[in-house]
Each structure stands twice: as C-alpha cells, then as structure tokens.
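I'd like to ask some things about the structure below.
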Amino acid sequence: MTGQRRLRMGMIGGGPGAFIGPVHRIAAELDREIELVAGAFSADAERSKAAGERYRIDPARAYASVEDMLAREANRPDSIDFVTIATPNHQHFPAAKAALEAGFAVMCDKPVTTTAAQAREVERLIRVHGRPFALSYTYSGYPMVRAARDRVMQGAIGAIRKVVVEYPQGWLAKPESGKQAEWRSDPARSGVGGCIADIGVHAFHLAEFVTGLKVSKILADLGTVVPGRQLDDDCQLLLRFENGARGALLASQIAIGERNGLSIRIYGDKGALRWRQETPWQLWLFNEDGRSELLQPGDLGFPDDVASMMRTPGGHPEGYLEAFANLYRDFARLLRGGSAPLLPGIEDGIRGMVLIETAVAHSRAMSGWVDLAI
Amino acid sequence: MTGQRRLRMGMIGGGPGAFIGPVHRIAAELDREIELVAGAFSADAERSKAAGERYRIDPARAYASVEDMLAREANRPDSIDFVTIATPNHQHFPAAKAALEAGFAVMCDKPVTTTAAQAREVERLIRVHGRPFALSYTYSGYPMVRAARDRVMQGAIGAIRKVVVEYPQGWLAKPESGKQAEWRSDPARSGVGGCIADIGVHAFHLAEFVTGLKVSKILADLGTVVPGRQLDDDCQLLLRFENGARGALLASQIAIGERNGLSIRIYGDKGALRWRQETPWQLWLFNEDGRSELLQPGDLGFPDDVASMMRTPGGHPEGYLEAFANLYRDFARLLRGGSAPLLPGIEDGIRGMVLIETAVAHSRAMSGWVDLAI
Amino acid sequence: MTGQRRLRMGMIGGGPGAFIGPVHRIAAELDREIELVAGAFSADAERSKAAGERYRIDPARAYASVEDMLAREANRPDSIDFVTIATPNHQHFPAAKAALEAGFAVMCDKPVTTTAAQAREVERLIRVHGRPFALSYTYSGYPMVRAARDRVMQGAIGAIRKVVVEYPQGWLAKPESGKQAEWRSDPARSGVGGCIADIGVHAFHLAEFVTGLKVSKILADLGTVVPGRQLDDDCQLLLRFENGARGALLASQIAIGERNGLSIRIYGDKGALRWRQETPWQLWLFNEDGRSELLQPGDLGFPDDVASMMRTPGGHPEGYLEAFANLYRDFARLLRGGSAPLLPGIEDGIRGMVLIETAVAHSRAMSGWVDLAI
Amino acid sequence: MTGQRRLRMGMIGGGPGAFIGPVHRIAAELDREIELVAGAFSADAERSKAAGERYRIDPARAYASVEDMLAREANRPDSIDFVTIATPNHQHFPAAKAALEAGFAVMCDKPVTTTAAQAREVERLIRVHGRPFALSYTYSGYPMVRAARDRVMQGAIGAIRKVVVEYPQGWLAKPESGKQAEWRSDPARSGVGGCIADIGVHAFHLAEFVTGLKVSKILADLGTVVPGRQLDDDCQLLLRFENGARGALLASQIAIGERNGLSIRIYGDKGALRWRQETPWQLWLFNEDGRSELLQPGDLGFPDDVASMMRTPGGHPEGYLEAFANLYRDFARLLRGGSAPLLPGIEDGIRGMVLIETAVAHSRAMSGWVDLAI
C-alpha cells in the first residue's frame, strides 16, 4: 500500500518553542522516506496554525487538536501513515491511545508515558490494534552504538562484567526558566521522575541496548539539588545485570559545564568498549592483549546494517540528527512491512517506566547508607 | 513569487554511485526551505530514471539531459527555481552556462570550473543573466567557522600574523579504484589539479574566509606520490596574505590514517584560534593573557547569525550535512530576495581556479630549493 | 641540624621486583633535597644487598632487617633522617612503629596500615614521639590538583553539590600473576580491602583533598569479579559529603583497557572543575556563564605555592614522578622545621582505613537493592 | 674505572635564572647513574657559588670559570667524568673545545655551536681526543619516539612518502623580556638563527631520527614577525628526503596559545604514525587496512630497549624530564664503555648547523614565490 512513495507523518506537539518537534521533522525527512504533511502542533489553534506555516505544510492540515487531526486525516485519500508524538510526557499516553485506536502507527518520544501502568496499556493497545509503535531512544540510532552492540554480540569483549553509563548535563543547574526547563520540572507534566525520566532512561536503554543484557536489580539514589525544585535533578544508580554483571548509572542535570555527556563503558573478560555521544563516530575497542583501537566510519569490518547507517565517508561528521534519522529509517522499514529488530518499542518503554517508578519509590526509602565513624 | 513556499531544486549529476549528490539533496531539504523535484542525474536515461526513483521524485521529472530538464522545467508552472550542479568538475561549466542562460539560479559544487577562464566566463554570465549563483565551499557553513570569522572581525586575536591550514586525507594512498577516485585522478574530468583542486581549494577558501584576508602570493610544491597517477596527490604551499601575514597550506590525499582532517590555526598579535573539521563544534580561542577557552554551541556570546545556524542545543553534535544545509539556507535567503553576504560565490570560485592554475604551473617550474651540503 | 644539607633517607622495602620503591627513590631525590643512603630493602639479606647495589648506595648500609637498620643508623654521625616505608601493606604498621619509636620521621606508602586500629596507634605514636609523618597519596602532589583545590577554596565554583571520582584500572582483569598482583590480592598482606585499599583510598583522598570537604556517609558495593580472587576488585560507592553534597566513587581493577584512569569532576553551584590523571597538566574550569577554560602550567593566575611545584615551562609535560617528588619536597620542608599543610598525614591515613573497613563490612551486608519487577 | 659507581658530572652554565641547567641536573641524576658534583655555573664567581649552594654541591667545587673547573677537577682523585654544557649557544664551542682538550667527555645542549664550521671543529676534537660526546636533542629520548623509529625500521608503515613535523610555540609573541628570551633573540649569543636554531633543529632532528632518512634538500621561508627583533621567529620549510619523500617543517615562536607543540606525522605507503610531545606517551599507528591503534606504555610489542626506557606502568605519565633522563642513561652507558647508537652526537650537531646556515642564507635570497594574479 505504501509502495515506494514517501510515508506521511502527522505530528502531535512540536509547536512554537519546542525543541524535539523540529528534530523529529528533520530526522523523519532526512532520507526522503517520510514527509511531514499534518500536525496537531498545539492545543491552541492559532499556535498550531503558526507552526504549520513554519513547517511549510498545507494550512488545512495544521489541526487544533489530536482528535481533529486523527478524524480528518482518516478520511483523506492521502492520509497520514503515522503520528509522531513530540509533546511533554503527560500527553504521550492519551495521544498514543487515540492514534492507535484510530488505526495509526506511532513514533513516540520518550519516556513512553508517565506511569508504568499506562505503558502496559499502550502495549495492550498495540496488540489489539496491530499497528507499529516505536520509541525514540535516539542514541540507539548512532551507527557506532549499533557497531558496539554488534561487537558485543560477536563476543569481541567476552562476557560482560561491568558497565558504567553516564549522562551529565548542566542546563538545569539554576532554578528553571524557559519552556523546556519548566515542564520537565513539573510533576503534572513530567511524571514522578525528573532527571531519571528525562535522561536517566536514555542511559538505561543504552546500557541494555549495547550489552544485550537486562538490568535485574537497582540501588537508587535520586536527589533534588536545586532548592525549590519538585523532581529529582541528580541520579546515582548502582546496577546488576541479569548475568551478574555490575554497573553504575550516573545522570545529572546540575552538572555545570556538561552539555550532553552521555557515555558508556563496557568491560568484559576479554576486552572493553567505550563510546561517548559528544564525539559519536568514535568507538574505542580495547582488546584482551592490550591493543587499543579507535573505530570510525569508513573503517572496514562493520556489518552491512551498521555501515548502511553512515551517510558520509569517514571524517565527515554525522551527529544527533542523523542518529535520529536512523530510527526513522528503521521505522519506515517497519511501516513498509519489513523488520527493524533494533528499533526501540513498547517493551523498552515499559522497562523505562518501571525503572523510573522503582528508582523514585526506592530512593525515598533508601537504606544501606552508613556513617564513616572517624 | 517564491513567497514562503518551498523552493524547487533540480539536480544535475548526483546519480547512482555519487557521493555529493545525495549530500546536496539532504542539505537542501534539511530546513524545509527547499525541495528536490527534478533532476538530470545522469547522461544515461536509464540511470537518471533510476536515480529519480531512489530520490522518490516524480518520474516525469527525471530527465536524460541537462538541456531537456532546463527546457521542460521552464515550461512548467511549478518549475524548478534553481539547479544544483553535482557532477564531476568538467561538467560544471557547461551545466552552469546552460542553467544561467535558461534563467535559473545555480548552486555549483567546487571547484567552480576546470579553468580560470571558464570561471570568469561564468562570472560574466551571472552578470548578464542576473541570477543568483553560489558555490558549495561546505566548510564555510559550519557555525564555528562563522564564529571564528566573527571573532577575527571583532579583533579578538588582533592583527593576523600566521595561518596554518591543513587538509590531509588518506583515501587515495593506493592506485585509485572506484568511481569517486577515478574521475578525480583523470585530467579530462578533474582539470589540471588533483589534490589542489579537490581539497586544496577548500583549505584555501577556509583560510581566506576566516581571516577576511586575501592570499597575495604563493610558493607551491605539488607532487604526485602514487606511481602512475596523472595529477597531484600531495600539496605543500607557502602563503603570503595581503597584510603580510605568513602562512602554510598542506593538503594531501595519500596520508594514510587521515580521513577528512581539514583544520585551521590562525595566530594574531593578540590571540589565536583553532578549528578542526572532525570535531566541528569546538572552537579554541587563545587569549593574549594566556587563557585557553573552548567555545561550543550553547555558549553565550555568539552573534545571532551564528547562533541561528545551530539547530540543536550544545552537546548534540551537528556535522557535515548540517554545515552544508547552512549554505542552502543562505542560498534560499538569496533566492527569496534577501542577502547572504558570507555565502561563497563566483568570486570565490575564480580565486580557487587561479590558485589551482598558478600552483600547478608554478610547481612545475619551481626554483628555490637548495641542497643541504653536509 | 639538617641545615641545608641533603636529608638522608633509609628505605624499608622496595627491593628487587618492587614497583613503588624505585618511585620513592626517584621522587625523593628529584629536587636534591634528599638522598637515599640506606635501606632494609628485603627481609632476605642477599636480596637487600643486591638492591643496595642497584641503588648504588654504600654496601654497608644495605641492611637485612628494619631493626638492624634503625639500630645501626641511630649510631652513625651521618644517620638517616627518616625512613620511607615501601613494603606491602601488612608491613607498614610494624615498620612505622619501629621507626617512630627509634625516633625517625616516616614517609609511609598508602594505605597507612591494614586496620583502622593500627592507624590510630600510629597516630598515638606520632604524638608520643613527636616525629614528622607523611603518607604518599601521590596524586595530591600534582600541581593541577593543588590548583583545583585552590580554585575551590577561592570560591570559583561556589558551593559544591556533586563529586564524581573514578579510578579504573585493568591490570587485574585476569587471575593475578606476578609479585605486584599477588600481594595485592592476598588478605594476609593487603588487609581486608583489595581494590578499595589499593586505589579506592586514592580516589577517596583526592575527593576530600580537592573539595576540602569530608565524606560523612557512604553506600558501598564492592565485588570480586575474577573467580577465585579473595579480595574485592571492583568498587562502587555512593557518597555524601559533610555539606550534603552528593557523590560517587567508582574504582576497578578489572576494567580492561584502562591504565591508571583516576579522574575527578566537581560540580558547584557556580562552576565546575575536571581533572584527569593521565593528562595531569590539564585542568578544566567551567564557569557559571558557560565559558570553558583549560588551565595549564605556564598560565597566569596560579598561586605561588602551586606555580612553584612546576619545574618546567608550559608544554613540557611533568608527570607522576614529579607529582610524587612534590610530596617529598613538602616532606623535606617539614623535616627542616617548616610547614606543609597540604601534605597528607596520619589523619588522612585513618580516614582511609575507616573507609576501607566500613566499605568492606557494609558491602557484605548491603541492603537497599530492589528488583526491577517487569 | 668508572665501575658501577655513580658518574660525576660538572656543569658549565646553568646558574641562577637558567632553565635548562636544572633540567640537565634532574635528568642526569634521575636514574642514579650520575651525580652532579661540580660546576662553573656562571662567569660571575658569586653567582656560580650561589648556584652551587642551590644545587647543594661541595662549595669548593663551584668554580668561577670553565678553565678553573677543568684544571682543578683534573687533579682530583674523585674528578668529574664529564661536563654538561648548558650555556647560551655562543659558549657551547669554547666550552666543548676546552673540555675535550682537557680530556673530559661532553654532554652539550643544542644547537651544538653557532656555526657549522665550529661544529666540524668539534667533530675533529672528538676524534683527536677520543672522548664521548653527546648532544641533547631531548625529544629523541621519549620512549614513544624510539618506538616510532622502531616501527618505521620494522617496516610497519612501508616506504615513507611524506613527513609533517611542527614545532609551534607562543612565548616570543611579544617583544622579548626576561633572560631566556633575550639571549635567544640576540645574534651575538644565539648565532644566525632564532627560531630555526632554538626549536627548528629539534624538529629537524626528530624527523630524521624517526624516519631514519636524511633530508637532502630544503626550501626555506624564515621570517621575523615581531617588529624590532633581529632573528627569525617563524620558520616554514619544505623538505625532500634522500628517498624522495616530501615533507614540511613548521616552527614558530609567535604562535600564541601554543606551548611546546612539537609533533610529527609520518606517512608511508603501508601505514602512518603520529606523535605529539604534549601527550608523549601516545603513539598513533594507522594501518594499511584502516585500523587506528593507540600505542602506550604498558602495551605489549615494544622492543626491550624501548620498554626499558619506561620507568612506570602504563597510565602513570612520564614526561620531558624522563625523556631527558633517557639521554643521560644512554650517555652513562657510553661512558661505561657500552654503546648507545641512538644517542645524538656530533654528526647530528653538524647537520643541525648546516640546516640553520642554509635556511638563513637561502631564505634571504628566496625565489620561487609567485603572485596570485586575480
């Protein structure tokens, strides 16, 4: 049905002042697989219209509500094929529910919902309505993240023993101001988690994604550092993976000087891997015999599905938008009836929500601390 | 006329196996200012058609020749607004000439032509036909390159004394194979310059762009390192700028291990700047008092026209495609009647061609070497 | 008494195959303040003699036992001024006790003893015998570590909120072999702590040293990763500082690919600092307004006591041995009757021992973990 | 005769305010092979005496003149074994001549003399008097520089095609002040070369040392950038090696922000190497197949003579002083009758002087420049 024509995307959220909406648009369209044609960019009709103009879409398709978009698009011969949900967290669930029930596939921003129960309900709706559903854990779209996963799966570093995943940011080091900061610090819109929900889940997903291992136990220490803030803005978690591997997850939004410092280090019994989001085309591989190798695009030895994610030759940096575009490329493949086994989905969403809820609940009642009695 | 609708682009070249064609397409469309709608992707009708399918454009607009595209598009109500020339070098001139004569604006890949005389003829045609013309010196589209230029203009490093610009690559370290390598090593398609024409001109433009100074004299040492190659694959130039500043330009295609290592260091009497394409969001500023500062997107202090070139917050890497897209954003502004003073144009193209011809002619007859008599 | 002559050092331990003995010798002598003249390098008389030859000292002063050295040296007119204890951990206490009781000053390797009780007894002996005592927390001798401390004390980063200190190594990723590995993995010689005692205490001291804050509470997760090993080889600690600041301490000896990756990041409410031992002359300062500065030797703005620790101009790397030498320079100042307030002493030793014992005891009985119930 | 006792060193120059004298002292003594026992630290008797006190040597051996030191030491049973010449350049020749004629071995700072003729005379004196003579091209003492040379000799990068060696510094960006700057800018003390003689020769030696190839031809562009300065402070040289390889040598003292940025890149037909003095334990090896490896101390695969130059395990940085100490270790081996084939000697000194004289003479009369006629 979708043939080789461009798939049609309708955006929910992503209106004026949004950060992630325009990112979704660029990412979706980058490979010409997809085209933004409609949107319910804001609950304010005027703002939605303005956004539509900015995106240069047909004014008739800049809708004032999700319901309106879904209803009208369903009746068009050139209807959207899917919706992208790029709203604050609390709107993810109702939007996803409505879209799935209306028969549309969904690309949803993370965290998938604001509660694990909602996430499980989304899972049920996906099953019932049989539509593709993907979750934008962006960082899993970096070619070198996939290459790292591939190396792990090939046994290059042996059995995994230890994982350190970090996600320091500094942009919330001061009492928040600005739209992006405000909703992320507001439980009514963000859910029970602050830092853990906004970036902690990225780090968590990355750790599970690259290792191919599930985290089975956590020990969480969430804190609210900036006075007056309602949600956590600094997280320290200790981890145990299903195979017994040890781990730590450190995320923060109050780390002045840090921009978007997601990184992962994975130590096995035969080698190790290191990747850092701010220089995303570099993947370090440390071998058992002590050799340190820097892997980069253009090198030999990447499997086809990784190599095909690199659009430019080595030395021509691809970054965040291209990684995001790789998720949309996977998603388009799904929509066209193919498979995309590495594209994050609702099961990753549920895991993230359980992590958030467990960490928040657990940190409040945390035991295990002991005084240094000197 | 073009109003706020997306501008329509027709591509010349960029067919199957091309590197730079798809890059132009992504870059042009990234900000939704422009849309690829037509192309003469290959002189082979079948191949052009196949490319049109890959790009997902209307099959009727995948033309078998430049002439055909220009003639037919001129008669469409939704005609293309401009052409992008993404062919091997020797086709730049006839394509640009035809497009300009047919009344279309042109975005041309570098080097602008294969001779300085052709470049001057293009300049004449631009004047005669009054259409916008831009040249894709991609690296001038990096926000931090513009930021560097801004700092120089603001006097942050004082009077410029010394410039070192380098462009090492390693991909032609072996006898060439593959489409990309072959035409670049063939005088009939590349022109008189090899390395100097393919990447030397990028380095040259970058040096003049950031410093705001013209190179007035050169001393060139071009060499052909790989046996059997017809054109230069390694260039060493000494430079004098119009203000007397000293400089060196080193470019190579035989530097194994180097990917796309364009970099520039500019030393003034009050400070210095350093930028490197492979980590393009980092700009080092060295101050007179010894302070070393690392400037990155998200920092304060960038002028609006630089800050607006950054699509993502600090720490979310933007790279080569986004830099290229910034040139297209400038170009769209031109086409809509605005100004884009930093967008490279024909005068930059002429300078590049004179550089190539002078370096090649001069290197052949180079004097100045002396033996170390030990 | 010691006037301006070189101070005389007697070494305990540091015989054939030793790592840290030769390091102490080089560090002590680097500034010509101190001279190695005697040693009880091994409990094996032949081996001690061989070590004496290798160190090129007077053969008569290569003793077969600590007791012998202390007794004989006490009767020489050119007696040693102090002993350096460079043995495995379990010999620190008896050696320190004997030396102090014999009236000699002591430079002791870390950890100071194998139990906190012993460390407290050393403290008592120091008080009773009134001799200088120093502990070789080497990394506090790096000029940039002192510069970092100075910046913190000057308020450059405001009130400290978060500290991440890491010390990954990979050299014990396999079942141990070799003298250095063996004793460190043997409770009889190393004490109750493995990784925590060998490198964890360095990280702990560094965190307290640079911040000027004491850790008041910990939550420890120590593990033994390599099968068959008796002591911990991987440590993850969460920290609370006396002012409420949050922290994490990660140390490992099984992190393949890591060499000696001690690093610290300190985030305040007005700025942040970052230092990494493997490029020790670089200190990053992140300012409240977003400016990122790289501080290096040769820059202006270091206080005299920091600047005087740099022996070479900027760009001439000084490393581990020079940092160690800075501790000896401080120690020589103490011995000559001056003050060295930043030189680690017995109180730092006690803190380290309490950390080790608390972490080991606590980790065994750790609560606080929770399953991810998905 | 010298047996296993410490060798005795007498220093010429290196008095108050000196930079390189204390460096020679530390380097010489680092391995306890050598001991500073005497010196003619200054032509001013009081200053020489003061220096002797600072170095803590026997006051009777702090001489007021070179002649005095050589005469008196020759009559002592514990006479010095060699002299180190650490004066400004113009005193190298008379000091070396006097020492050799008095039968002492010599470690001389670079450049060896102020003219090539003097250097040749030193060569004659060495032959006549049969004493060891070494030249402190410090950077050849870095283990990774020796490792790089070893890899080249083993054929790891194939036939060398291209060399880029750079030595940017910024400390003379302003009109000079201070003792170190003054004599280096004074032709009467420095000789005909400024930058080329002070640091250019280091870069030149490094290039020849690592490649094992001699430079056969140069094309020099020396400039004096700071107004009023008498000697060159910026050098750009193009090189041809004896095997036809191409090269560039860039050195500068006016490059603000640069500290001591000596670096070398060597491209062969099978691989490449990269080393940078400011992180001297890192050696990059790029392989023909595209693999990028980072070699560091502690890795396997270094030949014994390289591995033995590393005093600490991987990750414990050794720097400039240790590299210098490696030259003295070689020198001690020579003095004890062994061999030290890689220790720089008079032939390296002569080459450096010919380079300086050729570059200065040639640059003045340089032809080969051509205008960019645009």
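For this structure, a couple of remarks:
Which chain is which? They are A, B, C and D, in the order written, and residues in each are numbered from 1.
In this section, a residue touches a chain if its C-beta (ideal position, glycine included) is under 8 Å from a C-beta of that chain, and two chains touch if they have at least 3 such contacts.
As the structure is a prediction and not an experimental result, all values here were calculated from the model.
Among the remaining chains, those touching chain A as well as chain C are B, D. Between the interfaces C-D and B-C, more contacting C-beta pairs are found at C-D.
Between chain C and chain D, the centres computed from C-alpha atoms are 34 Å apart.
Computed centre separation for the pair chain B/chain C is 54 angstrom, with centres defined by C-alpha atoms.
Counting partner chains per residue, chain D has residues 258, 292, 296, 298 touching two or more of them.
By the touch criterion stated above, chain B contacts chain D in their complex at residues 157, 161-162, 164, 166, 168, 170, 173, 214-221, 223, 225, 234, 236, 238, 240, 246, 248, 250, 252, 254-258, 265, 267-272, 274, 284, 286-288, 292, 350-351, 354-355, 358, 362, 366-374. The part of chain B that touches chain C in the complex is made up of residues 289-296, 298-300. Those residues of chain C that touch chain D in the complex are listed here as 4-6, 19, 22-23, 25-26, 29-33, 36, 53, 55-56, 169, 171, 258-261, 277-280, 296, 298, 311-322.
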